[in-house]
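All chains are identified by letter, namely A, B, C and D, in their written order; residue positions are counted from 1 within each chain.
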């Protein structure tokens, strides 16, 4: 039985809830044709987030890791293309740290690309009636930090696929932030099911444009 | 038994579905403490939309009418404040008509304000965890046209309350329009339940700011 | 010699400058083929704004009044279509007043349409290389308040044309509000010249679509 | 006399003009305390854009290269942080090529960071009253392609600083694209002067947050 690791952060930035954790914990224990899912919560803190995912990978030896994070203000399930080697925090993390222009891994590559089949995932999400897109930037806060750290671990485990998906606010959060989009929890969960299935099925990604002029 | 009329338009602008009609028809026949709901579909056509709602009002003699329309690109349940006496169509309606700067009712007032308790509805929607806001403009297409025509009818029926609510795309629509927000059908339906209950309960609206600087 | 009155508000909402006043005062004294321009500053305060414009109209007997206001966040010169009879202030005015859902003129019409040739102005602005659009809502703060009050005065002076134009932040303001658009003062001034000329030339407006689906 | 190379693309995507080229050519020949500026136009084509900048660098041996590109829809002068090693073209380039998910340099690093003092530039631009921000993604079209290619060349020329700045539409372009922001040519030119001076003066960048949560 193959193991799939899904991670979601604890709440941050004064939110009482994190939709990423709510979504992945709803999938904890999900078992289907040859794989089962383990969900783990990560601290929203520089350093500790990577330490926690590293320990989980060493413990669980997953074939697939999808890290999920809240992107308040985004409209859809956005599948991240690339993690960059810099922390530049616009707000404090949950440990009251706010690094500016620090490398995540000193001497590490400037960036890592997701090894998920990001185009195939977006195509499958849209076919399932779920709004989705490829994102060219995961920001420079804890989400990008964790994504970069995860891909740095993945680089030494070529049989493990890994990547990051940003999700919108839940409706109950958007109700407190007028002018922001939202997505129902059930649809985020369904979207993650699609992402897991496609990631395990697709040996290589499809060729489909999802770029940006700027 | 009091009658509540909910209306939703047929699909327009090349969409195969109209979330407004999907939502209101899900409430057709809903009965609760002293009222029951009748849902009617309206043609997305200048003139015919008002004719159809007029006939339904004469037939059903509702105490409350909430007209619902799709606003592709909006983020939340937006409760309209005001209808203006002008048709200025950016696209053709379903009868291939595209009026420019024509009055809806020649000699009619420049505008009508909703007689729904719009602030109380928005407050209740947010309290229910549903993203909502007051909107200062329903546009100048068939939605505003119907809204104005409805309020013109309401002006002679002071015991009948009436107004208009714009709703986002469904997720399956937003999946075909990358970069747009969406709301799950279940939440739109739940939001309309809230709007109906508050409209029947509130004898007067609450005093709560929901304005815009521009 | 015909008189054209241009008004701009004093700074508000903690801004040190109001681009509307900066633009109109640059045109004070402008004289061209049969008309001359007088610019007046208005207090950004409910009531006092209308009182001031009324006094200026009685003094100057202008054939044309264009009121100009700052719309921080908008992208272009937006020519307002309609003023509605409600004050619903999201922030305090400069006299620390914040009315909620109060009529501007008790018993007044629900709305007034601009009597400027709004379509012809937008067409001429674009032809001059200046970004412009028709706006369906002037908000519910002091700008809409003044616009409504101005049109209420205009209703009794059918030979006087009047309307309202919202303008973006100046670049120096946008530099303090990251993520907002701006327009250079010189272009706002040029745009107002175009609006004045078109308003005096056009006996009737052109027929050109500038509507919104919602 | 030190040489500064500024590049701007030829028009693309059906635009008759490219504000990047208009801005940099206005600075061609600018000489000030120890440096002079040479402006060169680049083809908006994968491959050829890099070939052209390489030839210019070999010819001119500049100490500083700032490549400038049009970002229609952006609001301000956005100083790019990072170029990624992928072409994923949402539209055809001027040679009718539209690569999907191709590396720019096979075997090259996943990304290069700008070696301009990006935080100091943004701070100086804002201090000069010009809207500016750090951008975390230059997209995946010819702009990112050229930026990556430029930084790949820079990697072997450690004494040469290089980077990329995206600029908004000119007003005359935004007038044809309603709903988009713009910036006057004079302000773009002034902004590039600031960027050049700061890049030559600052031996190291300042420490100032300019990150994004997502």
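Convention: contacts are C-beta pairs under 8 Å (C-beta built on N, C-alpha and C of every residue); 3 or more make two chains touch, one makes a residue touch a chain.
Everything numeric here is computed off the predicted structure, so don't read it as measured data.
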| item | value |
| --- | --- |
| Mutual neighbours - chains that touch subunit C and subunit D alike | none |
| For subunit B paired with subunit D, centre-to-centre distance based on mean C-alpha positions, whole Å | 47 |
| Separation of mean Cα positions, subunit C and subunit B [Å, integer] | 30 |
| Centre distance in Å when subunit A and subunit B are each reduced to the mean of their C-alpha atoms | 37 |
| Sequence positions of subunit D contacting 2 or more other chains | none |
| Category of the chain touch graph - line, ring, star, complete, other | ring |
| Complex contacts: residues of subunit A adjacent to subunit B | 75-76, 125-126, 128-133, 171-172, 174-176, 178-184, 186-187 |
| Of subunit C, residues touching subunit B in the complex | 13, 69-74, 81-82, 84-91, 98, 100-101, 109-113, 119, 136-141, 143, 166, 205, 207-214 |
